[in-house]
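Look for chain A in each of the two complexes below; its partner is chain B in the first and chain C in the second.
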Partner chain A sequence: MRNHKGNMLLVELTIVLLFFAVSQAIILQVFVKAQEINRDATLRNNALLKIEDTAEMLAASQDAATTLLSLGFVLDEEVYTFHSLDGFQINAALTRLTQPAGVLTSVELAAYQGEKMLFSLPALQYRGGNST
Partner chain B sequence: MQRRGMIRSHSIQNVFVFLLIGLFALGSIALAISGSRIYGQVTASAAHNNDSQLLLSYLGNKLRAFDTSDHVIIAEQNGIPTLRLLETLDGTRYVTTLYAFQGAVWERFAAESDGFDPENGTRLVAANALTFSWRQENLMEIAITLNDGTTKTIRAALRTSPGKGAD
Partner chain C sequence: MKHKAEYRVGVGASSILMILVVLALTALSLLSLKAAQNNAVLTDRNLTMTVAYYQAAADVQRTIAAIDEQSHQLDLLRIEDRAALRAALANYAHPVSLDDDLVFAFTVDAGADRVIIVEGNLVLGDTARVTISRHELRVTDSFSDQRTLNVFLP
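Entry: the complex of A and B
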């Protein structure tokens, strides 16, 4: 009888501890998810800063291509690409529209995290005359 | 003999129960420690992101608002690097000064004729240093060192020429 009671206590304890163990596992998953979200937020923040900075540099520059190269972009199949150590990538697609009045350069800046596009920002630059 | 066996089995059960409770206690402690660490990291990082984004957006928008000829000046006052944004209201020249002082970025709005007193301003965001420089004639570089030691730099292209006193 006494032995039976002891076994019951053991089973009860095991069930309670199992329940807590499952709860711990769920909580741990939530923490890991929170850390991932935080890492993503930091990455987006840094990508946004870089993209805004690039757009401002382009607005003040005389030649968009030279400016992109000076900012660490690399020309790869007609698209300028910047790989950050933080884990994001910025692509800059450059198009030039030459008119007798001047040259309109439009740059489509897009930030990527792996294959996923985070956001894009268009930058326009107009130079009067026929300067490039 | 039988009694001896029962006592032995009972003590094994007790040890098993204590082992389970011990395991649970260890798991709980590990979870609490890792949880507090992750919570600390997340809040610190969120605060860092918010501070840097808020400050850079605020400075960028301020610059845009005052982006008229000779209204944006970089100057050093009382040994503090400052950004002076000038405007005229009802015939009086006013200056909005942005600077880092005592571990924070401050903004001070006063008449241009008033002397510069860094303590007589509004505290905006915690930051260790704030420096301004002209990278090109109309391209300003703003570097902010936050309290955790990280430095963020943004550049702002002005549509007009910088004011007198610019670096």
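Entry: the complex of A and C
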């Protein structure tokens, strides 16, 4: 009788431990998912901050190419590239449209996470020919 | 003979404790997931609004370049040329108004009920030049308690 009771206790404990283990596995996955979502959001935020910073610096600059280089961009096959330690990359394509009255400088800034493009925004600056 | 009641912790207590722990962890994990999702939604909203603003600011620069280019080709001391410029500016993607004092104004939609208001004037000289006197981002509709920000909806 005592032996039978001991076996029942063992079975009960095993079931409880199994239930606990399965629950923890599911809960752990939820925590990991939450962490991934947060990490992606943080990365997008950091990329946005860097791109905004670059766009504002370009808006105030006299020479877009020099400004990009001073901000840590590297010229690689006609595209300026910035590699962040946070895991994103920013590409800046610079074009100049010269017209008789002035110069329209256009920089297309695009943020990438690996091969995946996160977002892009334009930074344009017009400078008149002999006054601003 | 009176027996003394004996209390001891059995298997049931540990099972209940375990269930409570599992429930607490489940609640915490769901709350953390919801917080992360809300954070992602806010990030996306911020991203959309920022990109819309910079696209509008780029449109402003393109329009100013077009105004400068157009006025550069005309002699604005002549009434006919001023009229021609006024007509041309009114047909832009973002129509530009031009008054008799050569003050121009236009607005560009910046998304999320916001506009960029631009004002400036053409300075006559050897060639007409553009000077900007106002470049303002403004919310188009006034705040009302019917349009509160609900952070729990994507």
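Here is the rule we use: the second predicted complex is superposed on the first by the 119 of 132 C-alpha atoms of A that agree within 3 Å, B and C clash if a C-alpha of one lies under 4 Å from a C-alpha of the other, contacts with A are read in each partner's own complex, and residues count from 1 in each chain.
The rule is short, and it goes like this: a residue touches a chain if its C-beta (ideal position, glycine included) is under 8 Å from a C-beta of that chain, and two chains touch if they have at least 3 such contacts.
Bear in mind that the values here come from a model prediction, so they are computed numbers and not experimental data.
With chain A as the common reference, the superposed partners chain B and chain C fit together side by side. Of the two partner chains, neither chain B nor chain C is touched by A:T98. When the shared chain is aligned, chain C comes close enough to touch A:F119, but chain B does not. Of the two partner chains, both chain B and chain C are touched by A:F20. Of the two partner chains placed by the overlay, only chain C lies in contact with A:G128; chain B stays clear of it. In the overlay built on the shared chain, the residue A:N45 is in contact with chain B and with chain C. Put simply, the three-chain overlay gives an angle of 60° at chain A, taking C-alpha centres for chain B and chain C and rounding to the nearest 10.
Residue contacts after overlaying the shared chain place A:F31 against chain B and chain C alike. Residue contacts after overlaying the shared chain place A:L9 against chain B and chain C alike.
Note on chain A: of its two partners chain C and chain B, the one contacting more of its residues is C. In the superposed model, A:T66 lies in contact with neither chain B nor chain C.
For the overlaid pair of complexes, the smallest distance between C-alpha atoms of chain B and those of chain C rounds to 5 Å. Taken together, the two structures place residues 9, 13, 20, 24, 27, 31, 34-35, 38, 41, 45, 48, 52, 59 of chain A in contact with chain B in one case and with chain C in the other. Only residues 11, 14-15, 18, 21-22, 25-26, 29-30, 32-33, 35-37, 39-40, 43-44, 46-47, 50-51, 54-55, 57-58, 61-62, 64-65, 68-69, 71-73, 123, 127, 129-131 of chain C touch chain A when the two sit together in their complex.
If you check the complex, the residues on chain A that touch chain C are 9, 12-13, 16, 19-20, 23-24, 27, 30-31, 33-35, 37-38, 40-41, 44-45, 48, 52, 55, 59, 97, 99-102, 104, 106, 119-126, 128-132. Touching chain A in their complex are the following residues of chain B: 6, 9-10, 13, 16-17, 20-21, 23-24, 27-28, 31, 34-35, 38-39, 41-42, 45-46, 48-49, 52-53, 56, 60, 136, 138-139, 152-157. If you check the complex, the residues on chain A that touch chain B are 3, 6-7, 9-10, 13-14, 17, 20-21, 24, 27-28, 31, 34-35, 38, 41-42, 45, 48-49, 52-53, 56-57, 59-60.
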